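Heads up, the next two complexes both have subunit A, just with different partners, subunit B and then subunit C.
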Partner chain A sequence: MAKIGVILCNCFGEIGDTVNLETIRERLASDPAVDVVTLRESLCQPGDAAAVHALIRERGIGKVLLGACSPYGRMEVVRLALAKEGVDVRTVRAADLREGCAWVHGKDPEGATRKAASQLGMEIALLQNMEDSRDIDIRIRREALVVGAGPAGLSAACGLARMGFPVHLVDRGTAPGGLLNIVTKSYPTDDPGPAKLNPLIEEMTRNPLIRFFGKTKVASVKGYAGDFKVALKGPEGSTTLRVGAVVLATGARLLFPQGLYGYGKTKNVITQMEMERQFAAGSVACKSAVFIQCAGARNAERPYCSTICCPLSLKNAMRIVEEVPGAEAWVLHRDIMTPGSVLEAYYRKALQRGVRFIRFDADRPPQVRGDGQVSGVEVFDVLSGVTRSIKTDLLVLSTPLVADPESAALTRMLEIPVDRHGFIAEVYPIHPVETRNDGVFICGTARWPVSSDQALAQGEAAAVKAASFLGRGTASALSMSRVPGPKLGHAQANADTCTGCGNCVAVCPYGACKLQRMGQRSVSRVIKVRCKACGSCAAVCPNGAMQIPEQNYRVTGAMIRRAFREVR
Partner chain B sequence: MSSSAAGTNILVFACRWCGLIGADAAGRRRTELPVSFRVIPVECAGYVEPDAVIRAFASGAAGVAVLGCHVGGCRFNDANHPALKRLELLRTLLDATGIGGDRLLLGFGTAHEYHQWADTIRAFHKHVAGLPSMASWLPAAAMTGER
Partner chain C sequence: MQNMKNQKKTVLIVGGGVAGVSAALDLAANGHRAHLVERGHDLGGQVAKLDKFYPTDHCAFCPLWTEIRRCKQDEAIAIHPLSRVETLEPQAAGHRAVVVESAPVVDPSLCIHCGRCEAACPKGVAKPIWEHAYPPVYVIDRGRCGDCRACAEVCPTKAIAFDREERRIALDVDEVIWAAGFEEVSLAPMKEYGWGTHPDILTSLEFEAWKAEAGDNRGKILRRSDRTVPLSILFVQCAGARDLRFLPHCSAVCCMHALKQAQWVKRRNPEIDCVILYTDLRTVGRDYYEYALRDFNGNGVRLVRGRSSLITPLPGGNGIAVKYEDTITGRREIRPFDMVVLNGNLQSSLASKPAPEVRPELSGEGFVTAASVSCGFVLEPADVTESAIQASSAALKAITDRN
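After this line comes the complex of A and B, so read on.
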């Protein structure tokens, strides 16, 4: 067994003034696993790493235990310096004698010394029993698949191509543009909707690195980060691709408010998208248009704000006032949501143009009057406390964006979770365009309702994140970490003792454990790239077949047995 | 060592991304804590198997604390959530065996909640100190750490 060398840091008295390092040196020196115990004034100062390295070489020490500060203190500096000296830092462990001991037990030096000896003993137990996860290198294919060619997808595809990565851009429609294709004017600039995307569409056709697949769907995706095997189904049959990363920009759909405010039964009750189509056809005829906000949103079923409906209503109400002679426009709302200086100015503009706003209460929604054909709306104005009757011949419902049921098949194949409304979930709030599955990125309304401008920005973000992964060329599995620094290791299933019960498959938060046929039985296998070493699988394995070598059951058992040896 | 100190032995399994960073912050503020606890850093509270908790009691711990991230704030996609359920189930077994479910503490905090860490350790130390000694009924072999 490799000899362990223990180096205790005094930290210029920060540790030694409380913990009696001399006592600890004596106790540890009698441990048969320990070869040498030395005391140093510091470990993180210039020259310290070289001295440690010299000691390691001189004594032929295989594993090093440092008694020093916490991993969040100066330990990172120490490890970097040791690595620079050529020491294999995977065999270096540190016991926290400063933040976790001397500094919290300053009034009990004797107790602190016992505790320091215990914590060092536990680390010795760990060093004696720890094994090494054999790391593997994966080759990352320098190509990306972008699903959805709306604002987000186009922006992501162009971003990636600009950085030199071949992109396969897939859309179920014949042409790129997404929901923007429907709108004839887009807020807040009032430019024609698709015009916003013209530079990107031009770039897409000009750049040979982007290959556009129209009227195409993703039939299947297999594999993992760096090497996804994709099958596409389009008008020209199936295509198979192998890509390193997948960007999902599958977008969302607008809710059809069946039964809400007489929609579907009463004539001239329409949604915003139907109004956009009327504008596109060039014929909106009405004397008075009433817009009802939050139709089917911000309720118990869909408690979220859909972001785009308020500015959309402002835009269309202004169009009614300006483009339809003699017509007036009312917006019935619960709150007008126009965040930022640009949209707030847009709201002021609508007020100046003569759009009238009435605030209603969610508990007393507007009542639609009219038999078969809408004739008016009755609404309780909460600001003035009176019920108002508005004559109208066109009722427009602002319905929220809802998750596209078609993207559910894709998220299932990629094993990424959706939130309770069906939108694709980001992995962590600080990683907003990344998903639970490495190499899969999200942007646009597939992840949450956003405006086209925000979708363009998110597409860029996803492109940058995907590029930083694709550009690596190769990656070690241990580097595919969700936490700062490399992973602890990865789980390994012992095929001889695994009974194929599937507990690990059920509990793994990353879809890394898979059951695989082996002769007559099933055994668990771990996809090393996906595993993040949380240890959940090891905790639920009924017969210890699943282990993380760095912290296997022998390590934990030995640490537990040594924890209170000093106190007995 | 006196039996009264051994009676408050607490083994803490602390998640490296929440609990342990809180412990580190408590250290930097020189928050005085009882010396009765020992820490085993784990990647995630999800790593702590019920067996390890029982082994800790068999090795002389009078209390075991598993301190992870808040439910919903786990570094490993809610891996701590099934762990919480597992350990709550274990608590009923501890009650049934006579060890007592209140010797197991499940705590949740975030990295900046050093005060939460300190309060948890102090309160649990006080609680465990008030419980009858484990030494009186555990086999002698267990108290010397042999298996």
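After this line comes the complex of A and C, so read on.
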């Protein structure tokens, strides 16, 4: 058994002036579990790490317990310095004698000393009983799958290829580009949509690292970060791939406004997409166009703002005013959503160009007039307090982007969560293109409604995140941590005692626990790469078959027993 | 164009907030080197000073702290605190930058946070960098310091020294990423907002620090004038922003920021009447509109559409009079409030730099143009999520050539 050495830090009196370190040292010296006890003035000052390392070497210490300060303050400095010295920090534990004992119990030195002894005792029990999670190395396949070839997907694919990674770019359409292809002017620069796409499409064609699969769908994905087995179904039959990372850029759909504001029944009530097609065909003709914002959005059914509809209406309203002789344009809105400097300037431009804005209340939506053919809109203008009648011969509904039902199958296969509206959820706002499943990244409107410019940036972001994983070559399961430093360990199921009840499978947030057939019964198996050592599975296992070796039930039991022994 | 894998690049990042830190981590993770130049004592920028962040209502510091720790552990990232870029000259490949690193009075690598300096300082200028910063790096405000050096005498680790000299470091870098974040613009010239005339008229960042859980009041919502509980707080949106006389842009983060603060006030003390005076309620991110809906749905924050025309302390100083028009009802009102929080006066921190200083090409509104690589608020008003996306995108631009 590895020798346990305890090093107590006086912290220039911050600990020793309250906690009686001499008493503790004596007690530990007579503890059969402890091989070495020493007292130091400090652990975090220059030269301390080298001295500790020398002590570890000289005395043959296998496991180290530091009686010092709180684990994330100065202790982080100590750990970093020890690691630099070449000490395996996984064998180093720390008990908090400063913040947790001396400082908070400054008025009760005896109590502080008792608590310090207790905490040290518990850590010794832990060191005695902890086991090692057997680590495994995975080989990361140096290529990526990008699903969806709209602005986000193209940008992700080109970004990855630029960094030297082979990319398989899959789209259900025949050609890349997505919705942006049909847009003849895009906001806020008024460039045609293809002008944004063409450089990327050109790059895609020129770069041999990108392989484009048109009219192709992902039939299945299995595996985990570093090694996903993908089956594609395309016009030439099935293709199987093995990739290290997956980028989802599956896009979204615009809500089809059946029944809203007379859509489908009244002539000349159209969607923004139909308007884009009319512009592309050069066939927009009207005397007065009215745009209704939030058509089917920011309501009980879809309580979200779809981001792109306000700038889209500003752009198309300006086009009406400028390109259709004698025509006027009205935008009926609930809030004009143009955050930032570029879009706010775009809003000011629309005001200057003569686009007229009327604010309405969600409780009093505009009423469409006309029999079979739209003739006018009545709207209560909340700012002037009067109902206005606008003569119009073209009504454009700004409908929100909604989640694409086709990406739901993919998210299920990849075991990543979607939000309440079906958009793919990120792991945390500060990690916006990463998902709960390592190796799976998201960008574009599949994630949340965004403009094409934002989608391009997100594609680049997803490419960078995917590349930082793919570039590692190999990765150990313990290194797949969401916090600085390695994971605590990973869960392990005891196949002899597992009853295959599936509790662990149900609670694992990372899809790491799977039931597997073993002879006549099923048993749980943990995918080590996915496990984040949260311990949920161990908590719900009815018979202790599921454990994290570093903190198994023997460790916990021994720590509790030891704590009560110290108190007595 | 293609295989960039073996070309290790060195990138200078100006600004160590969310954007700069994220970009540095992405560069390091892809095998490149980053120099993070931060003007403050520690990484974290403006977000590290926030009490809470939206839409999770979690402490703002914690998730960012994880990223900061990653930066500090990564050998490919060199952190230059208390630093500024003195010169930046283009050369055959990339740039040569001269970075001036001023020395802190308290050396954070030695400071053990014992607080003896704080206890010894007769002027109360030795304090942790932010109330909730962890580890609580101590700093000494030299501007208000009486130079008695009592702190240096009590410091057990000799971390305090007043004679450290600034260093000049020359760096050869391949690319520069501008990530200098935002700063508040003084609202003093906009007299109608009354900022500076009464302690209970605060900017939203001042209010954020004042109401912080780890602040002086331990999260209690109090007036700044007399530390009594306010009966009403007015949040004024677009203060100085979306205003052609001052900042033409929309600062993008303020609507959510006000909703967050007002809801937090309500959670802390439901008795306080909270009103948000807004122009357009801009809630475009994931969960943002639903976050705002929590207000409509009856926890009592009132949203009033309108702009104030005058904010002024009441005679005697007990309360603030606000003149505004509720543009929905059309009523012009003059109402007293106990506190007024002004929101919107944020600009790119490069905007205020005078021209001879080192800075990239800027738009008329002070944002970095596409001629340089940038991310975060200097590129375009952005919150944490947007900044993180832009940071990764900037990292890609810095390490690859697009053609």
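Before moving on, here are some points about what is shown:
FYI, the second predicted complex is superposed on the first by the 557 of 568 C-alpha atoms of A that agree within 3 Å, B and C clash if a C-alpha of one lies under 4 Å from a C-alpha of the other, contacts with A are read in each partner's own complex, and residues count from 1 in each chain.
Methods note: a contact is a pair of C-beta atoms (placed from the backbone, for glycine too) under 8 Å apart; a residue touches a chain by one contact, two chains touch by 3 or more.
What you see is a predicted model, and the numbers here were worked out from it, not measured in a lab.
After alignment on the shared subunit A, the placement of subunit B and subunit C results in a side-by-side fit free of clashes. Look at A:Ala461: by the touch rule set out above, it reaches subunit C but stays clear of subunit B.
Once the two structures are superposed, subunit B and subunit C can be ranked by residues of subunit A touched, with C on top.
Remark: in the superposition on chain A the angle formed at subunit A by the CA centres of subunit B and subunit C amounts to 80 degrees, rounded in steps of 10. By the touch criterion stated above, A:Val483 is placed in contact with subunit B and with subunit C alike.
Look at A:Ala112: by the touch rule set out above, it reaches subunit B but stays clear of subunit C.
By the touch criterion defined above, A:Tyr72 lies against subunit B and subunit C together after alignment on the C-alpha atoms of chain A.
Contacts of A:Val540 after superposition on the shared chain: subunit B is touched, whereas subunit C is not.
Contacts of A:Val505 after superposition on the shared chain: neither subunit B nor subunit C is touched. Judged by the touch definition given at the top, the superposed model places A:Gly100 against subunit B, while subunit C stays out of reach.
Minimum C-alpha separation, subunit B to subunit C, in the superposed model: 5 Å. When the two complexes are laid over each other on chain A, subunit A has residues 72-73, 428, 483 in contact with both subunit B and subunit C. Residues 1, 5-6, 9, 11, 16-17, 20-21, 23-24, 26-28, 30-33, 35, 38-44, 46-50, 52, 55-56, 59-61, 75-79, 82-83, 86, 143-145, 147 of subunit B are the ones that touch subunit A when the two sit in their complex. By the touch rule above, subunit A contacts subunit C in their complex via residues 11-14, 42, 44-46, 69, 72-74, 76-77, 80, 159, 161-164, 199, 203, 207, 209, 298, 303-305, 307, 335-345, 348, 361, 382-385, 419, 423, 426, 428-433, 448, 454, 457-458, 460-465, 467-468, 471, 483-485.
In the complex of the two chains, the subunit A residues touching subunit B come out as 70-73, 96, 98-100, 103-108, 111-112, 114-115, 118-119, 122, 427-428, 436, 482-483, 488, 507, 509-510, 532-536, 538-540, 548, 551, 556-557, 559-568. Partner subunit A is touched in their complex by these residues of subunit C: 1-5, 18, 22, 26, 29-31, 53, 55-56, 63-64, 66-67, 69-70, 72-73, 109-110, 112-114, 134-136, 156-157, 242, 248-250, 252, 280-290, 293, 327-328, 330, 363, 365, 367, 380-382, 384-385, 388-393, 395-397, 399-403.
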